[in-house]
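Alright, structures below, take your time with them.
You will see two complexes here that share chain A, one where it goes with chain B and one where it goes with chain C.
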Partner chain A sequence: MWVYEKKLLYPVEVGECNPKLARYLMEQYGGADGELAAALRYMNQRYTVPTKVIGVLNDIATEEFSHLEMLATMIYKLTKDATPEQLVEAGLGAHFANHGHSLFYENAAGVPWTASYIQSKGDPIADLYEDIAAEEKARATYQWLIDISDDVLINDSLRFLRERENIHSLRFRESVEILKDERDRKKIF
Partner chain B sequence: MYRGSYRPYVSPLDPCPPMRVKKFVLPPPIFMDFQPPDLEQVSPREALMIGTLWPLLADEFYREEGIS
Partner chain C sequence: MNLSAFEEEREMMLRVQEADFVVVELTLYTNTHPDEPEALEQWREAIKKAAQIRRQYENRYGPLSLLSIPSEEAIEMGWRWNQAPWPWQR
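On to the complex of A and B.
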């Protein structure tokens, strides 16, 4: 179970009225390497990894949900007050046609999220290596988002989120090291 | 008549000029379990224009009313 705290993991402030940016941020909301994919991937894999690394997957999955919530806040703030005309101008006409003013799990190109973005292989090394790759891809996505955003306040939050991906990557690589230690270990049960 | 509205949270830090009231549609059929008999009818010609014989069932969405 989870305990919900009614505040964001890290403050989200939006400086400029720029709905176009919302469209790009959706890449990290409902894209292949986005926060939803990350959270669901780890949350599901955690059942079938060796006991020693379950906690890592559990904690990082939980954190990814708090990142998802930050992205949602940015997107909502950027789109909630836009008229349909302004959304069309921002490249969100197709989004509006399908979803109105609501948010949806889709990438920057409007492709809806799908479970085929993620995998659960039942093999601890295969799963952890996917997780490491996912973190590096999320880090890269944040880089490109920071590169196309002029909003210093949004970029401050994006930079925080990007740094977290580095930490997650390291935790997953440490998990691999922990499993490597199991090699040839004589255990008495 | 067939509309609802609410006042969403507006932050002093919102980047765009806030919409203070959000409206939504409450379509006529949700207010009846079964269509009552002998409802008022319009002429067939008018029905073709508004989409129904029974004006009570029409809720007339106009872009100008600013639902979105």
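On to the complex of A and C.
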């Protein structure tokens, strides 16, 4: 089970209303390599991986949900005071027509999130390699978002998230090595 | 320095976030490095420190988690879980 913590993993401050930046950030909210995909990918894979790496998948999945909440906070704060005209100008007219000021799991181009973004092979090495790739793609996306954004406060939170993807990638790489060691030991005895 | 009540709360929230993050990070690290006594010791210390800072925050501003025990003061002041601000409203 999970118990809600009434705080963010890391502070999220925004400079000013900026629906255009919010739209780009949706890539990490509901995009293929975004936080929703990450959380659900690991949460689903954890049941069938060897016991030694369950903790890694469980804990990273949980952290990804806290990243998702940070992204939602950014998007909410950047759009809450925007007028319909400002949303249209930022390319969020179609979003507003369907969702008003509410958030939705979609990418920067407005494509809704789909389960086909994530995989589950029942093969721990295949799954972990997918997870490493997912973290590297998320890290690259955060870099592109930092390159686009001129909001220094948002960029501080984005840099934190980019570094977390690095750490997660590292922990998944170590998990691969742990499984390879185990496999090799079985061959010897 | 005279901090406003608002700034004081923010400052304490930041300390909770810092202390909790150390626990998150060390937990992940020890997941893949179970045989490093130094890391395990750091993790044990981090858990204790985070609990202590959390207690200080919660005694003043109310529980952060559904399972935290509200302080006497918080109960007297009519504290409710459903009270704003929620994290995205800060």
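Here is the rule we go by: the second predicted complex is superposed on the first by the 184 of 189 C-alpha atoms of A that agree within 3 Å, B and C clash if a C-alpha of one lies under 4 Å from a C-alpha of the other, contacts with A are read in each partner's own complex, and residues count from 1 in each chain.
The rule is short, and it goes like this: a contact is a pair of C-beta atoms (placed from the backbone, for glycine too) under 8 Å apart; a residue touches a chain by one contact, two chains touch by 3 or more.
What you see is a predicted model; the values in this text were computed from it and never measured.
> In the overlaid three-chain picture, which partner chain does A:55 touch, first (chain B) or second (chain C), both, or neither?
second
> Which holds for A:3: it touches chain B only (first), chain C only (second), both, or neither?
In the superposed model, A:3 contacts chain C only, not chain B.
> Counting only touches as set out at the top, which of chain B and chain C does A:36 meet: first, second, both, neither?
Neither partner.
> Let me test your reading of the model: by the given contact rule, A:17 touches which partner, first (chain B), second (chain C), both or neither?
Only chain B; A:17 stays clear of chain C.
> Who touches more of chain A, chain B or chain C?
Here the partner covering more residues of chain A is C.
> Please work out whether A:68 is in contact with chain B alone, chain C alone, both, or neither, and reply first, second, both or neither.
In the superposition, A:68 touches no partner, neither chain B nor chain C.
> Tell me which partner A:100 touches in the superposition: chain B (first), chain C (second), both or neither.
first
> In the superposed arrangement, which partner chain does A:77 touch: chain B (first), chain C (second), both, or neither?
both
> Report, in rising order, the residues of chain A that make contact with chain B in one complex and with chain C in the other.
Touching chain B and chain C on chain A: residues 77.
> In the complex of these two chains, what residues of chain C are touching chain A?
Checking each residue of chain C against chain A gives 13-14, 16-17, 20-21, 24-25, 27-29, 31-33, 63-67, 81, 86-88, 90.
> How about chain B: which of its residues touch chain A in the complex?
8, 11, 13-19, 68
> Please name which positions on chain A make contact with chain B in the complex.
13-19, 77-78, 80-84, 96, 100-101
> Which bits of chain A are touching chain C when the two form their complex?
3-12, 55-56, 59-60, 63, 69, 72-73, 76-77, 167-168, 171, 174-175, 178
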